[in-house]
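Next up: some structures, all given as structure tokens.
Each of the next two complexes has chain A plus one more chain, namely chain B in the first and chain C in the second.
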Partner chain A sequence: MATTQDMVSDRLPQGVGRWSRGWLLFMALAAIGVAIGVIGWAIEHDQGMAATGMRDLGTMGGATWGVYISMVVYFVGVSFAGITVAALIRLFNLEHLKGVARMAELLTVVALLLGALAIVVDLGQPLRGLVNLFRYARPQSPFFGTFSLVVSGYLFSSLVYLYLTSRPDAARLAESPSRLQPLYRLWAAGYEPTVDQRARDRKATFWLALAILPLLIVAHSSLGFVFGLQVGRPGWFGTLQAPAFVVLAGVSGIGHLIVLAALVRRVLRQEHRIGIEAFTWLGRFLMLLLFVYLYFVVVEIFTSIYQPTTTEQRISDALLTGRYAWIFWGSVAALVLPAFGLAWMAVTRKWRIGWMVIMGLIVNLGAIGKRYLVVVPSETHGQLLPYPIGTYAPSLVEYAVLIGLFSLGALLIGGFMKLFPIVEMEETP
Partner chain B sequence: MTRRSIITAAMIILGAGLMVFAYFAGAAPWCNNAVECSNPRLEWSPAIFVAGVVIAFSSALYYSVAKDRRK
Partner chain C sequence: MTRYVMAVDLNRCQGCRACVEACKIENNTPSAVFWMHVFRLEEGEYPDTKMSFLPRPCQHCNNAPCVKVCPVGARYKREDGLVLTDFDRCIGCRYCEVACPYGVNFFNWRNPDEAWDEYQVPFDDPDLMPVTGGVIPSYKNPDHDRLHGPEQRLTSGSAHFKGVMEKCTFCVHRVEQGLLPACVDTCPVGALKFGDIEDEGSPISTFLRNKESFQLLEELGTDPSVVYVGGTPPTSHAREIERPLTGV
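Let's look at the complex of A and B:
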């Protein structure tokens, strides 16, 4: 027997408005994860930063930036590929990729929100931090670029982009009677599929895409400069930080996009909209970015071991053979294996979506590892003053908050999928 | 030229103008890192910068959503 829910929503595409058992289970698990994160953050808020594994540099032998900041860099990185791919699709009219455009835009927005939240949980006094950034942030600091361009400009422009590209679908959905009809009417904001309106949309999204692309290069570079411009912190100071940030951002984001596209394709049966050509394009792009990043890694290793200072030597020893070696070599392996796996697929021209999903997940593990290694070792092993070598291990509270952040991302994407088609609907002539 | 185009252009110019103003109100590049230049010259100038970014990007929203009226 059809339920009321089925009756009102059976005209909506892609399972929008209909709740399957699998989706409910997914959302319940994600909600539990979010609850774990909220509890973790409440403990941190109650007990102060002492509840985390972070301690002062030097005197307390710890690290003041830990997994939270690693995750800020990681999430902002994930956001990079989403909007890049979405912008490239509009700019070059890549028809075969249109099926992944909206999920790429959504991925960007969700990842940026998570990145912003990861900054908030890293602050002992979040409210003070939020107010003072708007009050006192200085343009001379690379943090200014991160705050004003990444968190504000980049997030806002991505939201505008997502909204403009989704309006035509909202107008189509508003024509069908459903419980969500009022929402779609509001979303469509009087959209009429006239020739003029379409031309305006094309123009607006084209110029927006054109403005977003340089913005995100500047924004990601400024995040790299947060580390790369710190002359007093061996291991961070270097010209490669900014470009390496941009390239690894692309790696993690494209990896995520491949996983999300494969998941949506299978769950929503969108094989006709997200074809193998889309995965081929994404796979080639990921392969290219991986090889460029691996080149940076080789240059970085060579520079750090050729004729290092004492402190640089200490950090490179910790990375290559010491305490962080398992993370370093694990991360390198997680980037090398998919690079050659994708190269093999490119040479043989046999692209396997299943393998690409595995590679997408592995490169993200590698990216998380590399982000962690950018942030932590220079703090524990990079003291210029005669302090002993420090240690840092994330506490259970930090792990709980991380679970919460990832779960929130899953919850937002899962929620969006039941509210709006995550794959652009086909245009009617 | 349509009213839409004029307002869109005005929003971009206003947004960019606010960003430039906020940069110089916040930065003190000619101050040689003196202690008195540690804070922005104008409090809340970062908020003005962000407002400029938001207005500039909102122009796309206005351009696409607003109803057209020819002059």
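Let's look at the complex of A and C:
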């Protein structure tokens, strides 16, 4: 009798430390995906970047930045949601969102790691890059924001945030014996579940959240500046790039968070912790961001078709009616339809989680499409000297690396779920 | 102070592309890489067409976008006006390439040695020796391996590394020895001129004095060191009538 009781109380919450068949299958698939990515990168490393579909601008008629850079922008964008939502919860005490706070923080950390990796696979000299980007860092380059600020500053502060907010749970888990107890002991080292400690942690995370929010705006804007400051590349130069990057980052990030929250809620039976109110809030936030972004899209289209220069016209023709039209209109549809779907749910006050998951996925496809269209058309169609129009299509190697990156993200999140409760544990009174 | 400038006399250029060839030989650039390129342009509809030629080396801008965006300072501007790439420092992010409005940057997509084997005549090959009688030895210019300028960095051509960006150097290894860049030296009609613009008596100063000239894409504010004389900037109707080799 006593033994059963012990076993029950020893059981870690939310399936942590126990492998289910579904989880193993998921992880196996993700591992295969990662292997595909590693093979792709190995080929790229061996043959040089000629193995990708990228080529030089100008006489070679290619695009020198392709899906890799689009993915850097995309992944860093996804990281937006996480820490924003987590910080907003802390700052405004949004109690009903507490259940998604930790997965939001996790999403930020994982997305930033993937963004950093996407930079590394895009570099011609990755090892040199890891050293030189810090050794010879130049704040004058918009890439400083991407490499140094985002990858080190933003990632580091997000990790600290995740660590600080998870220590109470770690301390609680460390009290009962389990296979993972040593890990939790280490995690919670120095933590004492006193009122004093709790107050101090609350204060620290509050100020950290307050510091992260502007850092986040700067980080996403600096990604926009990578493109928006380039006067020599028609289609890129513009004031709207930075704010549009911030908003689309929010769209893709919140979309991801909705999907992840619904998955966790379903798989880990967390209906009581992640209530419909959380989805309502996320849905409204996503709807707001979508409408702001769509406004930007309309403004951008108007500006590019009213009285464009010759080169701007070439790019906007390629976007609106030419080679990239299917991606452009597909992406716009992928952003418009969910926007109105969410508006409908907001008006009728009937929030369907299933539909919201689909919308979360679709807006991400739209976001990837829009990122791609920022990067590529200005390279293939944006030459100011009379070079012929270029072409670019990702190669199998690039697709393999992309599969690897997404799979690595799934692997990391899946792995975390078995190490630590992904939903903040309820505070014992 | 020295400030190097290149002048292109469009009245003289006949589009023979000898400069392109000279550049490729001098700097051993791999397949499909053209540090120097000559546009052969056509405007209008047959039979009312107008042809023109436009040599396009790196513009060595005084306000160079590529220098600004380089995250590690591998692309830099020298006091004498040359814009160079430190091949030992470049990380291959290709930001300079997208920032440059002139399309002069070339990336080493492949291992240059492999790329070479496919298109260079292997004079060392034992099968080829009987044909050449060994009178054409395989030659590598040792100047390329030297460090250049007061800054002592590896910047001259032929230092091709996989995954590193490169472009026209104004033949820094020749200029520092008092020679002209290979393209200028080769031009059979003297359409290309090169020299120190700060020196009032230099041939280039004399040539440019009181002449109407233009720079490519002046409106971008890049202030190129390459000056064009005796022609007009290419209009948006100009189209290139033939494409150089594009496969790496």
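Simple rule for what comes next: the second predicted complex is superposed on the first by the 419 of 429 C-alpha atoms of A that agree within 3 Å, B and C clash if a C-alpha of one lies under 4 Å from a C-alpha of the other, contacts with A are read in each partner's own complex, and residues count from 1 in each chain.
Just so it is clear, contacts are C-beta pairs under 8 Å (C-beta built on N, C-alpha and C of every residue); 3 or more make two chains touch, one makes a residue touch a chain.
None of these values were measured; they are calculated from a predicted model.
In the superposition on chain A, contact of A:149 is made with chain B only, not with chain C. Judged by the touch definition given at the top, the superposed model places A:384 against chain C, while chain B stays out of reach. When the two structures are aligned on the shared chain, A:302 is found in touch with neither chain B nor chain C.
When the shared chain is aligned, chain B comes close enough to touch A:189, but chain C does not. Taking chain A as the reference, the larger set of touched residues comes from C, when chain B and chain C are compared.
When both complexes are overlaid on chain A, the residue A:204 reaches chain B alone and has no touch with chain C. In the superposition on chain A, A:138 makes contact with both chain B and chain C. Residue contacts after overlaying the shared chain place A:163 against chain B, while chain C stays out of touching range. Chain A residues in contact with chain B (one complex) as well as with chain C (other complex) are 133, 135-138, 140, 144, 147.
Taken in their complex, chain A has these residues touching chain C: 47-50, 54-62, 64-65, 119, 122-126, 128-129, 132-133, 135-138, 140-144, 147, 226, 230-233, 310-311, 379, 383-388.
Those residues of chain B that touch chain A in the shared complex are 23, 26-29, 38-40, 43-44, 46-47, 49-50, 53-54, 57-58, 60-61, 63-65, 67-68. Those residues of chain A whose C-beta lies close enough to touch chain B in the complex are 133-140, 144, 147-149, 152-153, 156-157, 160-161, 163-164, 167, 189-190, 196, 200-201, 203-205, 207-208, 211. By the touch rule above, chain C contacts chain A in their complex via residues 32-34, 37, 39, 41, 56, 65, 68-74, 89-95, 97-111, 161-165, 216-217, 220-222, 234, 236, 238-240, 243-244, 246, 248.
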